[in-house]
């Protein structure tokens, strides 16, 4: 059976933290679906199309990484796509508590799923998409925090 | 003197986690007031009337449990209703830090009050009303997470 | 049925933090057993007899508070003494994680037991018996941290 | 070289927790700039002018404390004003995780900056501006939580 | 390249928590080495031979699980055995902080290694070998906490 | 008045984490006393003389840094040496909770003292002396974790 993992998120925008988690997870899985969660009621900071375009460029040299969008519950997306693993990065203990809650609920909703966690590398611990957006909003330089394929202008 | 506790919350909707805390607290108190906090500026996901109706059904066989609504500060509600204890469930350490802050402020505002905490059972640790609302919003099945008296349709 | 709680610990020595938890719990229970855990393999800093003597003096004006010693598991002590509640104070989130573990295991070993937690008051948050022992070992003045009935000399 | 620190925040309103941190930091620095972050898109609970006025009164007897407003990133404000230190108070471990993230990102954006933390005193641990606003919104008495120079009516 | 993971620990004794992590990790790896760390200076509660014997029985029907003992650093064991992944279970946020430290140091000592974490299931969150030993020491019944293949008498 | 800080610890051995905290704190204080706590009952891994010798070499080019040893409570050392600040590094939230406790007790024992915290840099977050000792005990290479002036052979 194929080992497929989903790496779900809003990727608004993708950061070097996300990039590092996916690249390190590649040896573990046959396929990794980077799945951009789309919420009809909530527009993001960057349009979904832009976010997907950036992700495609970031992972274009990794054939086992696929970019998709999805609506609805992550577990429903997994069920429909025959995905057995949810991949997540852990940065802080606040992160951990949040991920544990989501992970346990997901397992109750879909017992076949397994949550797999990698550690964020120390130099990315402080980083998330919301900080990147904040820097951009305040006219700061966010390029050190995103993959080189992401161009803001 | 009668031992009365309040179990305050928005109960939007009541979960099996809330139910479990109240049922286990019954032997400790003469009366438990499950108090639905109403905020004039903020409508919930479910109407207050629905939330109260569900709570009444969930606890209808427990004569020492009473359902009320209130506006304003929890401590003011306690003062007016002669309530000496605030009952809360603890799930995670993030929960604990939040509850400790609120509890300490409440005690400064109303020194006669005592905060009493029970542990959420392990299988309910991940659960809260916001997760239930999220599942419903995404057309998932939230019935395993709410008492059997709660009907969403 | 009588509502009896145990407040277990090593009380080596009792602190003003312990004292405050017990005093605030008195209205909640018909009886509180302050139970000094005795470990045949491990002698404490103060002899058990001294610790019990101090506790007796601290609570001598509170008829519903009883001092006992016990060996073995706390839940076995509860079973033998018809105790339905384990009372504990919570100071920090590290405390909480520890107490939650012990509490959940105790409930698995003895499902009839209920864990009840009170908050340590802010000015006692930093305090525990080990800090008191450390101050004494280093010839510091530990009297502000213990009830006035505890005399070290 | 002059040792200048910024104490950034929204101070909506200033609390006795903020006041205590600044007063205790005075001996450490030649100058402390209490900097009210202004966000064009987000109006606060109290107008910026009011918040600044209160801060000026609270620290009027401390010549090394200066009140300013700023827009944009805190590190950009530091760069323009020759500020070498960011001063922050730590209350809880949730606080710590948040401050560590911000602090590490700030250091990446401006490596010359150093983050300096003082501990909130135990009796202020539960306090923040959002709790003060909540009490006011619910017609409670928030005066014990703000410096005596802050008048709400 | 073969995907080999080590699941290191003292397993003194193996618990149902350990068992659950390994069983759920089987689909992820070609081989899982359950490695009992042996410390010349420190004898455990149960002899190493007994711990290994129990582990062998627990996993005897899983051909991809192998039981070994090792001395020295886990990363040195990995290097010698061509192991690319360290598998660990996460129970609480205290666990997480501990594991993150060890994981980051291991990655500095041996950059080729990747740490992979699974979540402990909610009902095992409170459980660890030290609690099991404590129950045994106090003549309690620890059998609900260990795999059925572990016999204490 | 001279601004003197103590940086207390066992420094068994000094790490690059310690070194980084002291170097970054130099601009804040007129003098920093790196104080090696000596405990008559407990010998360390490295002899006190060795630990002091290493510290002296590490900071020999920084005239405002002084190395001392002390017995007894840190606050008593501060009182005798006219020290107004205790300097500490913060790595994780577990660290923070521990330091807050110690800091609050120290302030109760000696109200004139102020605790000042700097953040450990991300790449040193996982590091402490105990990990260094563990690596040495297991014949690993600990040199990347200690200042270049520390030689183990």
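A, B, C, D, E and F label the chains in the order they appear, each numbered from 1.
In the analysis below, a residue touches a chain if its C-beta (ideal position, glycine included) is under 8 Å from a C-beta of that chain, and two chains touch if they have at least 3 such contacts.
Keep in mind that this is a model prediction, so the values were computed, not measured.
Shared contacts of chain A and chain F, meaning chains that touch the two of them, come down to D, E. Chains that count as touching both chain A and chain C, per the definition above, are B, D, E, F. Fewest steps needed to get from chain B to chain E, stepping only to touching chains, is 1.
Taking the CA centroid of chain E as reference, the farthest chain centroid is that of D. Look at where the CA atoms of chain A average out and do the same for chain B: the two points lie 34 Å apart.
Averaging Cα coordinates per chain places chain B and chain F 46 Å apart. Taking each chain's centre as the average of its CA atoms, chain C and chain D sit 39 Å apart.
The set of chain A residues that touch two or more partner chains comprises 92-94, 97, 100, 103-104, 122, 125-126. By the document's touch criterion, interfaces exist between A-B, A-D, A-E, A-F, B-C, B-D, B-E, C-D, C-E, C-F, D-F, E-F. Taken together, the chain B residues at the contact with chain E in this complex read 92-93, 122-123, 125-126.
Listed in rising order, the residues of chain B touching chain C in the complex are 1, 3, 24, 27-28, 84-85, 90, 93-94, 96-97, 100, 103-104, 107, 114-119, 121-122.
Against chain F, in their complex, chain C makes its touches with residues 92-94, 125-128, 131, 135, 138-141, 144-145.
If you check the complex, the residues on chain A that touch chain B are 71-73, 75-76, 93-94, 97, 100-105, 108-109.
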